[in-house]
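Same chain, two partners: subunit A is paired with subunit B first, then with subunit C.
Our next item is the complex of A and B:
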């Protein structure tokens, strides 16, 4: 049994207002705006312990350190952002003490983005659209999507529980996560997909194209196959099989075009 | 959802299901449709007696007796959109196999609606059977789903008691329903009932919601009426809302559709919008009627 650490929920009106103002400030100016509480951030009366200020301070310090290693407050190269995302995904998942049901609450991510980490949030995404900051769609939120990526790909009992985190790049993971109601919500399917993917022979076709097709096939199969009833080895076998079928179908298509 | 299965399946009576039971330290009761006292720290201990005719389950879908079948329970939670396996046993090729589903489910990944899917699946087809028999591991031969609403709050939604002095709302208001804009997002993560700390009669009633006095009951009735009114109004003014749309389970859109159906089962959305525009006073009176304002006070 575990209890969640509860994070404050930043009310929508305040979050929208802050986002409008912060979008026009520099990273340096935003540095001065960070805080660990906000008058419009409230705790819900559900089970769990309210996050202590010290915990938020520690979280900010660690994220800042990772950001600085990736060039913050300067531009940073694209590769640095990729590594930064992986570091922070792991850090947030290890340190926040969130249970999944609390991590699905949008306004806690708005609190983290606008109150605790405004400078790093707007550094990570210059001129971010509203969903990156407010969490209107958690799959796109600057911090929320990273926590979820770590949660879905973590393998708790292994020496490195986060070894699968870097298998998919951001847009590939988005493809999987967008189908979470049928596939992405199953941690065993996610893990099997990430475990199998590096050894899949995509037959010279772009891996992204094959992945999208495999996801479509898995989704169709999910109507009559219960993937969560499969042993892990069988599950990996099913994914390999779908990948092989997908590549064969692409080859056929190519032949017909010629 | 209706499914077209590309293989032969046995008739449903090869599986006989018992009731879902909930075990606590001192009792075993049938699992109710709602568990209002549940929170993330709750471990659900569930049990369900089952009888499976493993012989007929195989023969009726053309499988050889040496094929392997599994009985599995898969949980899925609307709030987190997560799912996983809760319990599993092999089903032998015996005529009347008595099986007892028994597992514990910790609260970490749950919240909102919990679906418990019991399914009989193929693990391996064994020796060649009928050409119409299932061959793919995981093929579902039979399934049923039981839902239970988990919620740690007696007042419909997560609640926060705060001083309105610090919020962008009028300081003299008693409560405010904070409601997210995205119709697809999960309601429990998008709705928050804010109660003004300065209105002690309100905060006391909310805190005593599981065992209210008569005075508390009157306050709770007023809050309930106003919450329903706020949700109905939101549904009517939101141009994007469509009560016929297929919103995700547990989402704001699904909640609005269900509140509208429960409050005004006979009226269409267009008719309700007309009522509200042309006779706004009568419209709020109708909501009072539908919510039974102060009826039990």
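Our next item is the complex of A and C:
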């Protein structure tokens, strides 16, 4: 990424108002409402180049194509949504040219959801609560959460930088995001965790439970170990060790219950 | 003309509440007595408002003039046998007898019957203020619930005595003046007349027109004549209202009466601002403080930092802005909330007025002002501090009218807190959830810094942004926002407690405020030590405030960035209390009870390879529980 691209920021009042109106419209009706600019959208004063209209058009076209593959504008199955999310996560991260600081700005996600992609947004989540659309919590935003997923797991220098994207599902990520101030913000830990995770033997316990416990252990360790300073292999080793301890603790607990 | 005399209440065969019981009904007020005094008397005056004109409320510190003193001595000296129990005879002979008066006008005065055993048609202000204790008030949008607060009047007087001079409308008579004296001293054994058998007395005394077994007030011209000869503020022709006069008030903690007056004026601003705002027009309180012939203006809350932030938040929620806080299960509107934030140049520690400290806001605010329908300040609830010293916020939460009764019922006699434990069922939930919702509303202030620090896992920008915040704030803050003008004091060198400053405008902060608050201060950093072959963490704490104190150690694994673990991994070790070393020995228990003031040493067994977060909290143990 040479220089960052700035996206329009949709002001809160307008966004809230649009969301209220759009919640009652059908996907077909919303399709006609899409646009690439909005009178209540503003740009940051500095920090990069303003996104060209053509770039937004291209983005919409690509997202639409992915959506259609997943059944848009029809209902679509659950599995299709999962695949759609993965495709879009990759697409947004690859194509948007955002830097993390800009991606943490809520109103750009509101702009994307309400102005550029209203039809797909309300198709992906029927009757969405505000945070899915306005980005009050970016980790729940229909598009924002996907960009961040990709951002945390991308391995820039490999042939397939997004190979780790599918390791964690939505609810796994909720666990990670819930601890974002301490762990979820660290790309190296997330990447190592995703790298190690498929090879962890969860000993027959539900992987989600084990993941939750491992995250707790990593939190404890993160307070005394600077993970970002560890060599990648050491970091993976550390995570493997915590996972093994966790599974052993589950076994112990299990035995005591019996 | 009736000559007033003293009458002491003997215990009736069925028993009665002793004077000590009444004086102690407030419990130990956790704040300064003058704050309670202002809150209580203003609430009384406000509840008595007529409503078609502003209510005047004036506090006056004065001394009995030499021309009036012979009258005080002649009229108020108790009979010989009672003087040891009243002490007023000696007091009225001292030269500069000091008085603290509460004068309200534009109010109804204390009306209704003057005997507690008479049925009242509509009003019974006299009975509930002068005679009864703990009676439920049912004024519409009235501030109080039970009239326990008046105990503060007696506690403030060194001789436990007040005079009540009121003028009120009496059916078929018109405006009638009434004058009575009330004293609350210790209960004692004595004789009603020198020839009687000895019997116990409650310690409650009244001064007025003594009848067989009770005391009537002086009425009409008798009352006005006596009041005038004592120098009490007279009433105009068609004026009603009340003057309460506290004899020999205890103002020892102040350098002089000017400082006491200034404190009263600031306290009025802090405690009564919602009912003083000019936009309330006829329905507002106009307050004033006078001392030694000088008027001390009450600071304008809308123009005094940091009160103005609360005023702005209050106005916003009142005018439909802010947020409606709701309880979801059961579904119910709890009240309205608004918050105001500002970039500020931080106040220097100790520069806040004593009144602000007593109100619980000793610096730049991060507080929420709680109020019910009567819109009197219940409390300034301290909330999470902002990430930067340059950011301050002030919120207002006002309960919904439909829940006024519930929140009122949760208040202690001093009306300065909402205690959900006092309630049950849904009511309990409402009060508890209200606090939680307020916390949720303010979560953003705390998260701001913590969340941004780790966003890229790289360098923390929080510190830099804090510095930059200082530069920016200098441009925002108004020049007069920092030194708070002459009214709030704090000019004297901080820390020279009680040192003479000549009392010439600069005020020195009294040392003892806030009193009666348990403080636990870490004396040392936690240190790693060895105890019987085990690694332990040792930290020393000092405990001050009212004791004995129950100490609890809240131990958890620290996660860095001030975060703590709320749930440990499966089977993982957690830090535990090993022992408390107190002045009377070592205790191996989870909690311990110590006298106050004292010092303790806490030893903790840490969980291996983790950060240990130690917090010690103290709660006061009632003596009864210990012994």
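Basically, the second predicted complex is superposed on the first by the 257 of 258 C-alpha atoms of A that agree within 3 Å, B and C clash if a C-alpha of one lies under 4 Å from a C-alpha of the other, contacts with A are read in each partner's own complex, and residues count from 1 in each chain.
Here is the rule we go by: a residue touches a chain if its C-beta (ideal position, glycine included) is under 8 Å from a C-beta of that chain, and two chains touch if they have at least 3 such contacts.
Model, not experiment: these values are computed from the prediction.
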item	value
Clash or fit, subunit B versus subunit C on superposed subunit A	clash
Partner chain in contact with A:86 - subunit B first, subunit C second, else both or neither	neither
Subunit B versus subunit C as contact partner of A:105, first or second or both or neither	first
Which superposed partner A:246 touches (first subunit B, second subunit C, both, neither)	second
Which superposed partner A:136 touches (first subunit B, second subunit C, both, neither)	first
First (subunit B), second (subunit C), both or neither touched by A:238	first
Broader residue contact with subunit A after superposition on the shared chain, subunit B or subunit C	B
First (subunit B), second (subunit C), both or neither touched by A:229	first
Contacts of A:43 with subunit B and subunit C, given as first, second, both or neither	first
First (subunit B), second (subunit C), both or neither touched by A:188	both
Touching partner for A:14 - first (subunit B), second (subunit C), both, neither	first
Clashing subunit C stretch [against subunit B; choices 238-246, 364-372, 598-606 or 616-624]	364-372
Subunit B and subunit C footprints on subunit A, overlapping residues	100-101, 104, 180-181, 185-188, 221, 223-224, 228
Subunit A to subunit C touching residues, read off their complex	100-101, 104, 180-182, 185-189, 213, 216-217, 219-224, 228, 246, 249-250, 252-253
Footprint of subunit B on subunit A - complex, ascending	1-4, 9, 11-14, 39-40, 42-48, 99-107, 136-137, 180-181, 184-188, 221, 223-231, 234, 237-238
Touching residues (chain side subunit B, partner subunit A) in the complex	1, 3, 5-7, 39-43, 70, 72, 74, 76-77, 79-85, 88, 106-112, 117, 119, 121, 123, 136-140, 143, 152-153, 158-162, 166-168, 178, 180-182, 185-186, 188-190, 192, 194, 248
Residues on subunit C engaged by subunit A in the complex (per definition of touch)	447, 450-451, 453-458, 557-561, 563, 565, 567-572, 609-611
